[in-house]
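Chain nomenclature is as follows: A, B, C and D, assigned in order of appearance, with residue numbering initiated at 1 for each chain independently.
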């Protein structure tokens, strides 16, 4: 490299970001003998005036990723963790406002939820009912996600969930599709519909001047509406179910303008038992792994601009 | 290889087994409009008079692994799936009694549990309350396991669970240990104790002539006793907690003679916040992945012989 | 849904795509007794005029995902697999040109490479040297990737690799960075630099009328330039190394206009052995998993427009 | 628990072990400017007089798992890492001889191998050919394993490998098997045979007084014999191939008495292309994941006693 200025280089730097990923922080809050847990995985990505570190290796604008890690733990103490979104807002604001070269901060958070272990009556009598409020079992169902982006003026909050596996054992059909020379699939008038929901939804809150949503309540309600729409839709295609799940959320949650789903069709194939003299009346299924159908779409409030990236899955 | 008979070979065949692994079977049972799910992953391992297939490639004694797969699906129809253990008993008995060369059958099963999606009142009115009883969400907490072994005379049933993550946020200490030249750990008088429970327990039922345990009830009770013992033990070491969990099960469940645990110590390290002028009063923890302590032990009823293999983890 | 036109709906459909993911196809080509393998994982995503299937469940425009799977296997026979890119071009062209409603097809491919098992001289003499050319061992190093997108007029080809783990055991420093109130990291003047390379690069070939690159040769050369730039850069920051890797590729490969990297900093921490009376002269390291630094950037030919999406990693 | 002595307890402790798992140690050795890497994952399991810590929580006999971790890193400096086996021998001897309560130490090691990055001629001229000998790429093929067990008198060394994926694209048949009422499989006279080799082999070296094997050379040769036997066997069943792989090792490596394999049959199903008017002449295969056949067996030198545990796979 003998070129001495970016202007004359034949090769230039494009979008770039850096930070510390997968900071696992557990925050215990003690309310007398009753403890509460927040269990997060926090990833920080910062971007801004970073040409020098790429072109010459000068770190004069680089806050070390190790420092961003320290900040996560320090803020868990200073601000507590009211919700993943609120915690991310504290972090993003700090990086953008305290570091001149940082123009945008994006915080991604995964949250794992816990429930209390129900203890026996005998134990409650023996050691005191309130003393056992420090024992937890991880729920292990979906993983909650949040992405908080701040550019010094506006906020973009995209919350979501993944790993939520659902199944309807009936009320699903698939027929009337295009048939070309490579089509061998038989039409189905009663099939299992199962998927592992990945969803991300964008809030229309963007401005410190306006009232923030109640992040915890919004999550619980959004999750509920998705599950209920999945359960209550008589499905002619997974696309139809997806749209029902999305429109239910947009219609019920005024704070959300856009939602994007990535729904693998977890195929459950009816096993052919006729060779064994048995009839399979929608009773015995082979749960297949790969390949799988993959249905992805954005559902949004009319008049708003979609901003959730199309690709939620890795290459 | 010019040797022409096993007797004169310098190399011989030892223990061997074969079968189809990871047969994913979902069984739907329809009770009117209310559906029930059993969702299993079934692995078959057969052994017996199998020298020829190893020495010469003759398959005359070999029931194809594909056939064992078919049998799993056919039996899901013929016998239903009352419990993982009962289903494994049907399969193991079949292979040993129907195939002359098969001397021992071992069936391993993983079970994934599902719960119903709670639907809205509105929906219940609209499509009929009983029509939504076909929608499920996977619980995603522990995976239940069962291993059924039959040699034509006696049964060995080892049930278990894995992936159950639990945490006590206090009531755990660790001190008074050996200190050698490589010891730097500081004693702890109030720490987080967290683990991911893997457990396997052996039933004393071995004989068709005696009454079988209620497998479903036994599982629920065993799981409950382990969780409660974990929650209620004031722990001076993870070994002590392990022993309390095991003895609670043996003392309460007469049908179980032996239980073995593999308990990783999921370390939660208190973060040093002093460099930032903050005090960490058991509030902020770093949840570490690797390395981790690993505590393994068998707890058994006095007078019985341990039979659960020592190594539950892969090399 | 009684609303009768998208225009009056309060909720609308945004970007959507569907297809079959993870079609695992192995293609054997026999050149006499010498066999050749191509081992791919192919995912199809189609988009176009798909409103009806989302709004009403009508599948009249939907080519089943099962058909897209069949097409992958049929094309492996009809066209062979010359390269991942060429195979994807056949598939994408087919879907867009044969199905009226399909406007864009995007094919993603992972490729696993194999090498021949070296056989002994004795064996070569016994069964004939040319007869053992059907035995392979999977290389297991990086996974090659390709993404082929076609809209009926223009092509976009983004190739890449992932899982390629590299390490420099010296010639890496990190100092001169910003220090704020949360900074505790000490400067390093001789450290290990290790990363797992994920890279995607975009070709400037877009048009059937112009000559296609030699995809196989281009891949080998691009991989070589990245590895050599990694090895030969005396690094003051991982960002600098990233930029060197990218500019080396752009400078040497005229067919590539843009490359984006996602480089986790796989930390190797020098272990403090002083408590044991030992000096650690850059000899013994703890290889950490989480958290990790994550450095991401695009490097591109000046005057071209970046098109590779910023987020290569899943939320 | 009011029982005051183990003798009168209705519940007792069985086999138990503890230690630190997954200690990731990287050791760099500098030979001038040429560096060498050893990259290990070391797990320690100790057992002995450990009743008190289970019954009462007394840690008076417990060397902390944290100390076993420190010892791994300190020994990487003190003794270097000549081979995984030799390193494990140093560790196991230390724990058993230095700690009165420890009766048996078992060290498990995974080893990841690296190769040098080939650098360009230009670079070699510029920065000096010997200065680039610090750049590595991880091979990524098999993982090498070693298990070292010491009881204060005798050694048991079980080495092995896993994750080694191999394929023969012909010279494999499967026919002449048992057909029962659940058999639908068609006989195959030319099929793909592919597996992911997991193997463990036991050395007959047990005694400090006798000469130790050359662990590095033994590994390379054993791996070579397995691969060549796989490639050169015309296979009538995977069991036959397994036996040939095992007997080849036992016959050629006098230091090894026993080897056990776990070989999943990675099914490659010929795709039926007839519906598309195409003939599939053993060219296009679907590579399936689950279910899979699983073939496991021990092969041993006649007159020796098998000691490798039957179950190499987790429940």
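Definition applied: contacts are C-beta pairs under 8 Å (C-beta built on N, C-alpha and C of every residue); 3 or more make two chains touch, one makes a residue touch a chain.
Everything numeric here is computed off the predicted structure, so don't read it as measured data.
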| item | value |
| --- | --- |
| Centroid comparison with subunit B (C-alpha atoms), farthest chain | C |
| Pair with more cross-chain C-beta pairs in contact, given B-C and B-D | B-D |
| Fraction-based call for subunit B against subunit A, same above half, different below | same |
| Chain pair repeating A-C, as identified from B-D, C-D or A-D when over half of the contact pairs by residue number coincide | B-D |
| CA centroid of subunit B to CA centroid of subunit C, Å | 37 |
| Gap in Å, rounded to a whole number, between the CA centres of subunit B and subunit A | 30 |
| Centre-to-centre distance between subunit D and subunit B (centres being mean Cα positions), rounded to whole Å | 23 |
| Multi-partner residues of subunit A (at least 2 other chains) | 24, 70, 74, 182, 184, 275-276, 289-290 |
| Complex interface listing, subunit D residues touching subunit B | 1, 9-24, 43, 45, 50, 53-67, 69-71, 74, 98-99, 108, 145, 147, 160, 162, 174-180, 182-185, 200, 235-237, 239-240, 242-244, 246-247, 250-251, 258, 260, 264-265, 290-302, 306, 309-315 |
| In the complex with subunit A, residue positions of subunit D that touch it | 181-182, 184, 275-276, 289-290 |
| Complex contacts: residues of subunit D adjacent to subunit C | 24-30, 35, 37, 39, 70, 73-74, 76-78, 114, 117-120, 123, 127, 132, 134-142, 163-171, 192, 227-228, 230-232, 268, 271, 273, 275-276, 278, 280, 282-289 |
